[in-house]
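Each of the next two complexes has chain A plus one other chain: chain B in the first, chain C in the second.
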Partner chain A sequence: MDTLVPWLTGAFEWATSSAFTFSVIVAILAVVGFVSIWAMFAVWLERKASADFQVRIGPNRVGGRFGLLQTLADGLKLAFKEDLIPGAADKLLFALAPAVAFCGAFAAFAALPFSPAISAVDLNLGVFFIVAVSAIGVIGVLMAGWSSNNKWSLYGAMREAAQLISYEIPSALALMVPILVTGSLNLKEIVAFQCLPSDGTLDKEGLFYWSNSGWLAFYSPWTFVAFVIYYVASLAECKRAPFDLPEAESELVSGFHTEYSGMRFSFFFLEEYAMMFVVSAIAALVFLGGWQPLPFVSLNLPTSGFLGFGANLFYAGVFLAKAVFLVWVQIWVRWTVPRMRVDQVMVMGYKYLIPVSLVALLMMALYEHWDVRYLPGLF
Partner chain B sequence: MADAMTSNAASAPAKTLLLPGDPRPPDLHVDVRTQELQINMGPQHPSTHGVLRVAIWVDGEIVTRAEPDIGYLHRCAEKIGESVSCIQYVPYTDRYDYLAAMNNNLGYCLAVEKVAEVEVPEKAQYVRTVAVELNRIASHLMAVGTYGLDLGAFTPFFYAFREREEILRLLEWICGARLTYNFIRIGGVMRDMPAGWAADVRKFLDVFEERLDEFNDLLTHNHIFVGRTANVGVIPPDMAIRYGLTGPNLRGSGLRYDLRREQPYLLYDRFQFDVPVGTGLKGQVGDCWDRYWVRVLEMRECVRIIRQALDQMPATGEIMAKNVRHLAFKSKPGEGYFGIENPRGELGYYLISDGGANSYRSRIRAPSFCSLSILESMLPGTMLADAVAIIGSIDIVLGEVDR
Partner chain C sequence: MLSERTAFLIFSVIALIGAVNVITRRHPVHAALWLVGTFLGVAGLFLTLGAGLLGAIQVMVYAGAIMVLFLFVILLLNLDAPPDEGLSFARGASLLAAVATLALIALPLARAPELRAAATPESPVADASAGQVANVLFTRYALPFEVVSLLLLIAMVGAIHLARRPRRDETV
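Showing the complex of A and B:
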């Protein structure tokens, strides 16, 4: 049981000669299924959380007391709506844009490890891959804004392009800090680094032991700075408040998806929630110990054999809990603060986040060189 | 080559698109040609507060020209005033500034009472004061709540609406309607306060003061909110006077002018209350934050006025003047203007009576209309997002602008 594709390839080898192709298809379906279910859950969570913040009740009719199936009902409604393309729109680009936007977020899911063994593919360049493919979304948004032939949409698209390109830099720089510490771009190895035992033995016995590094967010002051910067920049990358300028409904009506309706609109929606999960998952994996439940103590469950299956599920649960918590914080921020102005967003990105992330990267490099973690001369 | 370049430049001189106030020399040749974009904000737009259309010319994110286009909600309100009797006209006044219908009723009734020389009983005046000030709180709550919405803060809107809902409940209890009250009638009020109503109002006021603090924590002093509103849309005092601004928009510019204080009507000379003005606490005097803050402070003053009115109110008394029914058939010839302090500024009614049942001319001076006129000179040079912030900060109601 390594990752999904090789594991499935092994499992189906006796049945079909093209086991690899088959298992890739199964893996893709698994990811699509997860993304869909996640989006349903996230929309429900956002509705319930915003209702709590706003002294409302929220969905409470469809699917029991807690309105669990409200999103499904809304999704069905969107699916049955007329597929409307404005007459003056560029039809090909208009139709293609939601798919392109969704592709990036969807591809990023493929490289996310959920536990030591559960992931679609194990990429050595995991972090790099996810950062790269999740930037594809901006092309879809630009296409949507341009092809809609609507000035508000165009504004939204241009804002999105400017904002995303500006905030990719600090978020990538912030991710460089833990990569500098761990020396790996592989998400599984980054998590493994966070549970290395303190005495340096490789095959540590026992259920719990002191971890050498602990969660990377608490590894040194500079990794914590990097964590905060990454989180703020990731809010901007997901177009979440206070950086929701591309769709600022009180300014740009609905921004780049003003002209979209029905299923095409729902794809943009799906992309937003998928991206929220991806950035939160990276924050959880890279900075918050991935599937390790405690900050400075490593839990050492066997991950092979029959018991290993259960252990993997437990680890995946811990990881999901962290990622969902970070998504919930995004929701919390969204329903609390007003929106920033476009120049304020740029000032924040270029004047604060980028310089501070550069300083964090430089200082972390020096700390590593001096072999200190907290304060020079003390620890 | 050099010739070609000069001839090119001569045939199509490089168009400089420098904005007014740009520090660069005006004869600067800009290589990258940009073009102004005209966009149409409204009449269906989330933050024009009704059916206002603003044609905006933008250079990138910066507004270069703005032209408000009104009239989408025109309902011939002044003409109707000439075709129905003044008693029948009271319900129409509800519909102008539908967020402050009680104040509209009051303004019209006071104007008619002035022309027809009607004496209103004391008890009715107190009941009017309480109803009008409650309505003012509701109107300001709507203004500050939707202002947050304009700036992308959803939650404060719901907090404001929770309190407004409570006021609407109280007003529904006293007159049966939540929005278009028709409660203040010529010569008095529709009915006396129901039993237990005053106690409920006091209970609401106690809760409301605490919740206003909560609201301030959530929105007023929020760093992003201050960043979006302070030093944005500054209206200097002389400009405010030039455009005929009144109400919180004028007081936001630091001018202490409130008709309740300057020309006391009803019983406002009996109450202790302050007239808050903008002081430039977070930025310059007269910026969007100041106008917003004046509204928040005014809600506190409303609470003070209502408490005093409830304390001073006689337990029993007439609520309707004698002999006003004849106004349905004939009135004295004459004319008169009466202006009151609406939540949005000076709401004035100018009535001319030729002795018949209908007024010969009924003119309405709407505060939102004057506030709106300032947009054309305020918006150029601001960013698109600031334009939304400015439109929200002058708090217009289109029903009143178009009438």
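Showing the complex of A and C:
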């Protein structure tokens, strides 16, 4: 008894002092949960959409008429599959590669704000942090391709490295254009810029008011160019068709993950679908007004109290709808456009996207310097 | 709770273990991957010192881009672990170079104690946000910045010139 009481008070102090640690754990669990549920939904969406494009029905048995639980069933099957590691592989790297590939996408997820109040971490360097950590995933792909000791895997990994390095430049330059306008790397501040009222008053009355800038994609012709470039480059960064050369089935079996099976294989898919969401979410936040439902009009909802809770949920719903729509466009592109050749991918990146994004950045700087507005006198 | 100093120590250990492995692994791919680990550890050190921008740049430029190119070249050349050749002239010379570099870094630190106390988790680097870095970089250090970019441009033009195929009417 003598020792129990101090021990208990000590435990209590530890528990209260670790409230921060606790909130971090909750944030991590929330992100893990969201990523898994998202991947399940996205795989289902991709299968349904591809079925539509090919005039098939698609998954329609597990989980009701629309096959909503098909991915869960497939996931369970993958979990029970034998975990094969080729005899000639570099065992440790082979086993680590899927986790490393997933790390980048997962870290990027943590920095995404979903509404004014819902975000795992609020980073001042938001955009920059996400661009930086999502570049880590390619290391995992390279590890997978090399350690498999298989020529298809190696070719796939090298294509992925070349492609990612090339398309990181236009996508980062394109993101610089809206950052130039807003003057902030913080994703929440970038969205806040897009709903500033046009007459500069901060305490607005009423439900709607004219926004100063509108969604940044429609702020000036150059931000729109930047939006298009970012979207195309992000397709390449997610290894999505028409840029899916790292896993080109018709040439490389299935590229860098040829030798993978079971859960390790599914981790690569988790990474791909998580990255699809991350790039679409950035496009939605930076170019398409984040959680603002209308382009040139800002919605003015209370952000505190019980109503504020509902408003935050509504904002998160709007943001999710935009991000999911952009992911759906990625799927649409994948099942419509044929795969490019390797040299075409490089020409596209270096001869078109990079010069155009540089011009857009320069012109945006000049427009801002001379204060040229896209729609002069309208608002 | 994890204090900044503990985090600093953990990242230091990661960076050091990575660095030791970079020079002891025989296979170039393993060494390069350990170097990625070192860079991530150093990025963590920057974060604990309050220099988030430097940390993110470290991850994006070094871990994400330069090391990917390193690995790409290693895979392209299909390098394998070199045979153990024991002591050689090249090894002795590289050891000498390593000691000289260490001395170059360590001597100024040993002579000027104020350099050593520049940044700790308790007194983080002041003014390290993106805007403040840009203000200094594009005003006070604008000339060195432009000179460096010119140097990189020259290197790039040179590399392209060396790598490109000569035209038919051209003698190499």
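In the analysis below, the second predicted complex is superposed on the first by the 359 of 379 C-alpha atoms of A that agree within 3 Å, B and C clash if a C-alpha of one lies under 4 Å from a C-alpha of the other, contacts with A are read in each partner's own complex, and residues count from 1 in each chain.
Here is the rule we use: contacts are C-beta pairs under 8 Å (C-beta built on N, C-alpha and C of every residue); 3 or more make two chains touch, one makes a residue touch a chain.
Everything quoted here is computed from the prediction, not taken from an experiment.
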Which superposed partner A:A135 touches (first chain B, second chain C, both, neither): second
First, second, both or neither for A:Q344, with chain B first and chain C second: first
Which of chain B and chain C A:L93 touches, first, second, both or neither: second
In the complex, chain A residues that touch chain C: 17-18, 20-21, 93, 123-125, 128-129, 131-133, 135-136, 138-139, 142-143, 145-146, 154, 157-158, 161-162, 164-165, 168, 185
Contact footprint of chain B on chain A as seen in their complex: 50, 53-56, 151-152, 155, 241-242, 244-245, 248-251, 253, 335-344
Sites on chain C touched by chain A in the complex: 1-2, 29-30, 33, 36, 40, 52-53, 56-57, 59-60, 63-65, 67-69, 71-72, 75-76, 129-130
Chain A-facing residues of chain B, complex: 37, 39-40, 45-47, 61, 148-155, 157-159, 162, 218-219, 222, 224-225, 227-228, 383-386, 388
